[in-house]
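The structure that follows is given in the form of C-alpha cells.
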C-alpha cells in the first residue's frame, strides 16, 4: 500500500465512524429531552410556550455536538489536508 | 491487494457500519419520545394537538442524526472522491 | 486473494452485519412504543383513535431507520458499484 | 484458500450471525410488547379487543425487522450472487 | 487446510453460535411475557382465558425468531449447499 | 494440523460454547418467570392452580430454547457429519 | 503441535469454560427465584407449602440448564470421542 | 513448546478461570437470596424458621453450581487425564 | 509506510475519534439537564427565570468538555506540530 | 521460551487473575447482604439477634466462593504440580 | 518507523484519547449535578442562592478532572519532553 | 527475551492488575454497606450501636477479599518462588 | 525501535490513559455527591452549613483518587526514572 | 528489546493502569457513601455527629483499597526489585 491508499482508507473509515458514533449520544439525549418536554406539557399545559422554547434551546445545544461530528466527517471527505498533501506529492 | 481493492473494501465496510451503528441511537431515542407522547396524550387528551406538534419537531431533530449517517453512507457508495481518484489513476 | 474475492467477501459480511445490527435499535424502540401505546389505551380507552394514529406515525419514523439499513444491505448485494467495477475489470 | 473457499466461508458465517444477532432485538421488543398487552388487558378487560388488535399490528412491525434478517440470511445461503459468480468462474 | 476443512470448520462454528446467540433473546423475551401473564392472572383472575390466549399468540411470535435460528443451524449442518459443493468437487 | 485435527478441535469448542452460552438466556428467563409465579401465588392463593399451569407451559416454551442448544451440542459431539466425512476420508 | 496436543488442549479449555460460563445464568436465576420465594412466604405465610413446592419445581427446571453444561464438561473430559480417536490413531 | 508444556499451560489457565468466573454468579445469587431473607425476617419475624429453612435449601442449590466449577478445577489440577497421557507418553 | 503516511494516518483517526467519543458524554449530560429543567418548569412555573438561567450556566459548563475535544480535533487537522515537522523534514 | 518459563509465566498470571476476578462477586454479594441486614435491623430492632445470625451464615456461604479462588491461587503459587514436574524434568 | 515517527504517532493518539475519554465522566457528572440543582430550585425556590453557590463549587471540583486531562493533552502536543528529546537527537 | 525477563515482566503486570481489579468489588461493596448503615442510623438512631457493630463485622468480611488480592500482589513482588527459581538458575 | 523509543512511547501512552481513565470514577462520584447535597439542602435548608461542610470533606476524599492519578501521570512525564536511565545509558 | 527495556516498559504501564483502574471503585463507592450521608443528615439533623463519625470510618475503609493500589504503583516506579535486578545485571 502506498501513501494514497493508506490516507484514503483511513479517511473513509474515520469519516464514517465519526458520524456513526457521534450520533448515538445526541440522539439519546434529544430523545430524553423531548420525552420530558411532552411529559411537562401534559403536566402544565399553560406553560407549553416556556417549555417549548427551553426545549428548542436545549435541543440546539445537544444537536451542536452532532454537528461537530458531521463537520469533521465532511472535512475528512471533501477538504482533507492530509489527502491533498499526498495526492499533490504523488502527482507532482 | 492494489489500491482499488483496498479503497473499495473499506468503503463498503464503512458505509454499512455507519448506517448500522448510526440507526441505534435515533431508533431508541425516537422510541422513547413516541412512548412518552402516547403517555402524555393519555394523561391530557385535551392537549393532544400541542403534544403531537412538539413530538414531530422533536422526531425531526432526532431523525436528522440518522440522516447524517445515511448521507455519509450514500456518499461513500455513490460519490466517493477517494474511489474516483484511485479508479481514475488505475484507468489513466 | 484477488480483487473479486476481497470485494465479494467484504460485501457479504457488510450486508449481513448492517441489517443485523441495524435491526436491534428499531426493534427495541418499536417494542417500547407499542408497549406504551397499549398502556395508554388501557388508561384512556376513549382516546384510542388518537393514540393509535400517533403510534403509527411514530412507528413509521422508527421503522425508517431499519429501512435505511435494509436498503444499504440490498444495494451491497444486488447493485454494488464496487463489485461491478472489479468484475468488469476482471472480465474485460 | 481459493475464491470458492473464501466466499463460501464468509457466506456461512454471515448468514448465521445475521439471523442470530437479528433475533435479539425483535425477541426482546416483542416480549416487552406482549407483557404490556397482558398488563393492559388485566387493567381494562373491556378493551381487550382494541388492545389485541393494536398488539398484533405492533408485533407485525417488530417482526418485520427479524424477517429482513431472515431474508438476507436465506439470500446468502440459497441465492448468493457472489457465490454464483465464483463457482461459474471456477467451473467455466 | 483445504476447502473441505475450511467450509466444514466454519459450518460447525456458525451452526453452534447461531442457535446459542439466537436463544438468548427469545428466552429472555418469553420469560418476561410469562412473568407478566402470571402477574395479570393474579390481578384479574376472571380474564385468565383472554390472558392465556394472548400469551400463547405472543409466545408463538417470539418463539418464531428462535426457530429461524434453529432452521438456519440445521440447514448449515445437514443441508449445507456450500459443503455439498466442495465435497462434490473433492470427490469428483 | 490436518483435517481431522481441525474439525475435531472446532467441534469440541463449538459444542461447549453452544450449551454454555445457550444456558444463560433460559436460566435467567425461567428464574424471572418462577419468581413472578411465586409472587402471584402470594397475591392470589385461590388461583394457584391456574398460575402453576400457565407457569409450566411457559417454562416448557423457555426450556425449549435451551434444548435446541443441547441438541445441537449433542449432534456436534456424537453425530457430526463433518467429522464422519473427514475420518472416513482419512481412513479410506 | 500434533493432533493429541491440539485436541487435548481444546478439550481442557472447553470443559472449563462450559461449566464456568454455564453456571452464571442458573446461579443468578435461582438466586432471584429463591429471593422471591422468601418474600412471598413473608407476605403469605399460610401458603408456604404451595410456594415451596412451586419453588422446588422451578429450581429443578433452572438447575437443569446447569446440569446440561456439567454433562457436556464431563463428556469432554472423560468420554471424549475425538480424544479417543486421536489417541487410538497415535497408538495404533 | 512440546506437548507437556502445552497441556500443562492450558490446564493451569483453565483451572483458574473456571473457579474465578464460576464464583461470580453464585456469589451474586447468594447475596441476593440472603439479602431478601433478612428483609423477609424483618417483615415477618414469626416465620423466621420457615424462611431460614427455605433459604438454606436455596443456598445449597445455588452453591451447587459453584461446586461444579470447583470440582472441574480440582480435576484439571490433580486428576487431569490429558496431562497423565502426555506425561506417560513423554516418560514412556 | 514512511513518516508522512504514519503521522497523517494517525492524525486523521485521532481527530475523528476524539470528537466522536467526546460528544457522547456532553450530549447525554445536556439531555439530562434539559429534561430536568423542563420538569422543574412544569413543577414551579414561577421560577422559570431562575431555572433557565441556572440551566444555561450548567449547559455552558458541560458544553465546555465537548469544546475541549473539538479544539483538540481541529488542532490535529489544521495545526498539527508533528505533521508540520515531518512534512518539513520530507520537503527539506 | 522453554517449559519452565511457560509454566511459570502462566501460573503467575492465573494465580493473580483468579483471586482478582474471584473477589468481585463475593465482595458485591456480601455488600448487598450486609446493607440489607442493616436495613432490616433498623426496621425490626427486636429481631437483631436472628438477623445477625442469619447474616453470618449467609456471609460464610458467600465467602466460601472467594476462598475457593484463594485456595486455587495458593495451590498455583506454592503447590503447583505442573511446575514441580517441569522443574524436576529440567533438573533431572 | 524511526523514533520521531513512533513518538509523534503515540503523542497524537494519546492526546486525543486522553481528552476524549476524560470528557465522559465530567460531562455526565456535571449533567447530574445540574439536573439535581434545577430540581432542588423547583422544590425550594427560597434557597436558590445557597443551591446555586454550592452547585458552582461542585461543578468546579468536577470540571477540575476534565482540566487535568486537557492539561495533559496540551502538554503532549505542545510541550512534550519525549518529542523534544528525539527531535533534538535526530537534528543533532 | 530470556526467562528472567519473561517471569519478571509477567509478575509486574499480574501484581498490578490483581490489586487494581481486586479493589473494584470491595470498594463498591463497602460503599453500599456504609451508605445503608448511614441510612439505617438516620431511621433508627437508638440502634446506632448495633448497626455500627454489624457494619464493622461486615466491612471486615468484605475487606478480606481485598486483602487476599493485596497478599497475592505482595507475594508476587517480594516473595515470588518462580522469580527466585529463574534468578537462581541464571546465577548458578 | 531502540530503548529510548520504547520507554518514551509507553510513558506517553500510560500518562494519558492514567489521567483519562482515572478521571471517570471521581467525576461520577463527585457528581453524585454534589447532586445529593443539593437535594439535601432543598430538604433541610436549616442544615445547609453542616451539609456543605460534610460535602467538602467528602469531595476532598474523592478528589484524592483523581490526584493520585494526576501525580502518577506527572511523574511519568517529568520525573520518569526509567526514561532517565535509558537516556543516560544512550548518552553515556 | 533487551531486558531493561522490557521490564521498564511493563513497569510504567502497570503502575499507571493500577492506580487508574484502582481509583474507579473507591471513587464511586465514596461518592455513594457521601451522598447517603448527606441524605441522612437532612433526614435526622440531630444525629449528624454519629453519621459523620460513621461516614469517616467507612471512607477510611474504602480509601484503603485505593491506597493499596497507590502503594503498589509507587513500589513499581521507585522500588521495583525486578528493575533493580536487571539494571544491576546490565551494569555488572
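A, B, C, D, E, F, G, H, I, J, K, L, M and N label the chains in the order they appear, each numbered from 1.
One rule holds for everything that comes next: a contact is a pair of C-beta atoms (placed from the backbone, for glycine too) under 8 Å apart; a residue touches a chain by one contact, two chains touch by 3 or more.
Everything numeric in this text was worked out from a predicted model, so none of it was measured.
Shared contact partners of subunit I and subunit J are absent.
Chains compared, subunit D against subunit M: the Cα-based superposition rotates one onto the other by 155 degrees, nearest 5. Centre-to-centre separation between subunit B and subunit G, using Cα means, comes to 43 Å. Inter-chain spacing, taken between the CA centroids of subunit F and subunit M, is 47 Å.
Residues of subunit G in contact with two or more other chains: 1, 11, 13, 15, 17, 19-21, 24-26, 28-33, 35-37, 39, 41, 43, 55, 59, 66, 69, 73. Taken as a contact graph, the chains are arranged in a single closed ring, with each chain touching exactly two others. All the chains close into one ring, and from subunit H toward subunit J their sequence is H, J, L, N, M, K, I, A, B, C, D, E, F, G.
Residues of subunit D touching subunit E in their complex: 1-2, 4-5, 8-9, 11-13, 15-17, 19-21, 23-39, 41-43, 45, 48, 52, 55-56, 59, 63, 66, 69-70, 73, 77-78, 83, 87. Those residues of subunit M that touch subunit N in the complex are listed here as 1, 3, 6-7, 10-11, 13-15, 17-22, 24-26, 28-33, 35-37, 39-41, 43-44, 46-47, 50-51, 54-55, 57-59, 61-62, 64-66, 68-69, 72-73, 75-76, 80-82, 85-86, 89.
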